[in-house]
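Both complexes below contain subunit A, partnered by subunit B and then by subunit C.
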Partner chain A sequence: MMKWFNKYLSVFKTSFKQEKDTTLNIVFRAVSFLIMIYIFFQLWNYIYGQNGTSQIIKGYSLEQMIWYLIITELLYYTCRYGLIVKEISDEIKNGNIAYKLNKPYNYYLYQITSFMAKSCFSLIFLLPIAVIMEFGFVGIVPSFTWAQIFPCLLSVLLSTFLSWTIYSIIGLISFWIQDSTPFTWIFSKFVMLLGLFFPVEFFPNWLQPFIKYSPIYSIMSGPASLVANFSWKLFAQVAISQTVWAFVFILVGIGIYNLGKRRVTANGG
Partner chain B sequence: MGVKNNLFMIFRYVKLNLKKQAQYKTSFAMQIVMMILNNAFFLLQWIIVFNITKSIGGYGFKEIVVLFGICAGSYGVAHLFFNGAYKIGDLIYEGKLDVYLTQPKNVLLNVCSSSTSVSAIGDIIYCFIAFIIAGATWWWYLAVIPVLIIGALIYVGVVVCFQTLAFYIKRGNAIADMISSAITQFGAYPPVIFDTVSKVLLYTIIPCGFMYFIPMEYIFLGFNIWWIVGMVAFAIFVDALAFILFKIGLKKYSSGNLISGRL
Partner chain C sequence: MKIIEVKNLQKTFISKKKYKGKEKWKHLFKKKEKIIKKAVDDISFSVEEGESLAFIGPNGAGKSTTIKMLTGILYPTSGEIKVLGYNPSKERIKLSKEIGCVFGQKEQLWVHLSAMDNFLFVGSIYDIPKKELLERIEELSSVFEIKDFINQPVKSLSLGQRMKCEMVASLLHKPKLLFFDEPTIGLDPIAKETLRNLVKKMNKELGITILFTSHDVGDIEEVCKRVIIINNGKIMLDDSMKNLKYHYLNKKIVEVNLKKNIKIKEKEGIKVLKAKDTMYKIEVDMNITSMDELMGLFKADDLQDISISTTPLEDIIKTIYRGANDEMV
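The block that comes next holds the complex of A and B.
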């Protein structure tokens, strides 16, 4: 077990080191992150302004709403989901995956670990920006306590990990169709709509239970709600749901990979 | 004659590129359909917003649908006809411009129109679907065509201006990508929410104002000929600037001595 863990830890470390070469790209990504937050801040400031800034909309004050959005945007920008799908898709399409089949690791777990390292590297840049922007725009959430920092951070990391388990599966669909990128667009839009833009309370009552039990809640709304409105009970709910979904998707992903790799035809050369 | 030749080249490129990509029929159709669905998700976001507030500075659901339709359509036209513009920085960085330099066509136009995005067709179709959803009157469907073309010309012009930074600095294309992404991000929201500082940016380096807000406010929601003239003038200015900057930058270009061909 320890040997197995060390193997993937090495993959993590190597990918993390490689990310140092992309620092400039991350800086530009951080600017894009700033722009998006700025747009959302202007939009919600206007909406709350129209209705009176002291107003609570669906249980969220302006401060809580902005904190929610900054965390969901942080999660969105930390996971360059398009990259993992493109990488897996390309390797399957051009046959390069054949070189990785005989390596002493599971390709699906390798990709998750490698991209998790990329996310952690991005977080080093994006997290301080997110915190500074939060304080700059709306200040501290009234319910904030120092004790919530570690559970919130853990939830953010679990959310990132869960995203990679799902997007890797979408990439593996390329074993059956030529390009799985369009599936990424659709899934990412579900994530945006049901998690990134709005807390679960903004949706109709009949839809809320479906969202709460979906993996999208574990990826977006769960961790963001935790930051905006922390409680230990909510943390327990979110952490359990993230762990269960991650476990389920890893099993599904390994299963799909084992089925898919039988379809690889090596042409030599 | 030159204009006719260049237009012929642009349409020929689109035809050939689409033919090439249509050999993967499922993937081809899926890219278009998925892009339409992808854009349609945007409407759901606004349905929820308008559940909270009736309008945002005079922009109701119908106006937002039209605005995003214009935004998607301009993006679609730009990526259908001039997708190569978004790759100029990479070509410069990798020293792969040589193949275009040796051909008897305008280099910038040749590079820009050499690539076509299939999903862009979905964006253009979505624009007209958005107009149907918004219950647009007949002349809106006609008026939107030049609006999309001018919007796309501004978009491509700005992107080329920033892509030429790659002649001078390593990874200069990252700045162009950032501007390109900012244009699509800002353009999908009603102009009224933005403060003065943002508006200055939106009418200069991130010209969503000229691409989306002017047509929306002064063609579809109201009418002001001077703003429309301003939009056309800005398109001419920014495209002329793109040609000048590219020509100046080209003097700094060094070949990668890569032997390559285009099929």
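The block that comes next holds the complex of A and C.
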């Protein structure tokens, strides 16, 4: 088990090191992140301003709403899903996957670990920007305690990990179909609509349980709500839901990979 | 001991027919016709421990597909494969710990990282203890003479240096069997020579079984003792390099320069390949005729210059490839 862990830890470390070469790309992403946050800050400020900035909408004050939004945007920006689903998809289609299959690791777990490292590298740049912007726009989150930093960070990391288990499965669909981009597009739009812009409390009552039990909640609303409105009970709920979903998707991913690898068609050289 | 055993191996690729123009619309809702291509067609062979085998053939012959099935990357359509006692498609991960692969057309190293970082990564994925790994890197970097650039990013290395690093990476876990898929492609003659010597050294001194594919006949001639020629998915020849040369190098190329222009009559075993003024290029099949017969076709006094050479191995292999294609036609 230890050897197994060390193997994937090494994949993580090596991918992280390799990522250093993309620092300039991440700086540009950070600029785009800044602009996006500014636009949404203005929008929510206007909405809350209509009824006075001390207004509470669906249980969220303006400060909490901005914290929620910045965390969801941070998660969305950290997970470069389009690029990475394309990477898996291209490797399957052009047969380059063959050169990774002759190594003693599971390709699906290798890719998740490698992407996780890439996301963590982005997080190093984007997280401080997010926190500075928060303080600049709305100040510290209400009822903040130092004890909530670790659980919130853990939840953010679990969210990123869960995203990769799902997006990697979408990439693996290329074993059967020519282009998995439409699936990426559909899933990412669901994530946007049901988690990125609004907390779950903003949706109709009948829809809320469906969202809460969906993986989208564990990816977006869960960790963002936790930061905006921390409680140990919510942390337990979100962390359990993230862990269970990650476990389920890893099993599904390994299953899909085991079925798909029979379909590898690597042409000669 | 047999390291590789292949029995009646087949691999077919199925694709769907693509229609153009009006045909495309006609077949929009119809089941598309399937195109079945036999990439490997019922081949059987075995490889003994310590052998150095050349597995060659023209493009699309099925050699890389066979290698990919032997390493567990591709699943065979039918037939049996045993490599080091493992079934590659069912025990790929176990097998991968005992074999190494070097692909000339595809880098397996992380290009932004140094060769050393790559070796440490390879060591960890093959579960090599740190102390043992460092000793192994030290040993191999001396043998392959890569110490001067071991800490440079791979992307800054020349192709020859990269290939050396690829080879070191493939040897760290002490594989019993090494697959080389066109490792000398794109290398200059000196780098090629160095690499060939290193492969020979691995085979002779470390006792590693080598399976080598290349389009460069020089590689095969220097490195391998046995050759399998595959074409259209079938084995056309499986013989030792010695026998191949003995049986197929029976044709001599004689180039003569005579004092005057004469008509050389072709006869069985003697074929004029080229005639220009007083220069003649003649092929003599030594199984049918002899040099005396050829010399009898002109007077010794007329001879200004003569050179005799054997048919290059490359031409022999080309003939075998062509023979296979003619059979197919």
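One rule holds for everything that comes next: the second predicted complex is superposed on the first by the 268 of 269 C-alpha atoms of A that agree within 3 Å, B and C clash if a C-alpha of one lies under 4 Å from a C-alpha of the other, contacts with A are read in each partner's own complex, and residues count from 1 in each chain.
Going forward, contacts are C-beta pairs under 8 Å (C-beta built on N, C-alpha and C of every residue); 3 or more make two chains touch, one makes a residue touch a chain.
Just so you know, these numbers come straight off a predicted model, no measurement behind them.
Placing subunit B and subunit C on a common subunit A by superposition gives a fit, with no clash between them. In the superposed model, A:K93 makes contact with neither subunit B nor subunit C. With both structures placed on the common chain, the touch criterion links A:P104 to subunit C but leaves subunit B unconnected.
With both structures placed on the common chain, the touch criterion links A:K212 to neither subunit B nor subunit C. Superposition on the shared chain A places subunit B and subunit C such that, viewed from the Cα centre of subunit A, they span 80 degrees in steps of 10. In the superposition on chain A, A:I186 makes contact with subunit B only, while subunit C stays out of contact range.
Once both complexes are placed on a shared chain A, the shortest Cα to Cα gap between subunit B and subunit C comes to 8 Å. On the side of subunit C, the complex with subunit A involves touching residues 13, 39, 59-65, 68, 71-75, 92-93, 96-97, 99, 101, 103-106, 108, 110, 112-113, 117, 120-121, 124-127, 181-182. Contacts from subunit A toward subunit C in the complex involve residues 3, 6-7, 9-11, 14, 17-18, 20-21, 96, 98-99, 101-106, 261-262, 264-269.
The touching residues of subunit B, counted against subunit A in their complex, run 24, 26-27, 30-31, 33-35, 37-38, 41, 44-45, 48-49, 51-53, 56-57, 171, 174-175, 177-178, 181-182, 185-186, 189, 192-195, 198. For subunit A in complex with subunit B, the residues that touch the partner chain are 24-25, 28, 31-32, 35-36, 38-39, 42-43, 45-47, 50-51, 57-58, 177-179, 181-183, 185-186, 189-190, 192-193, 197-198, 202-203.
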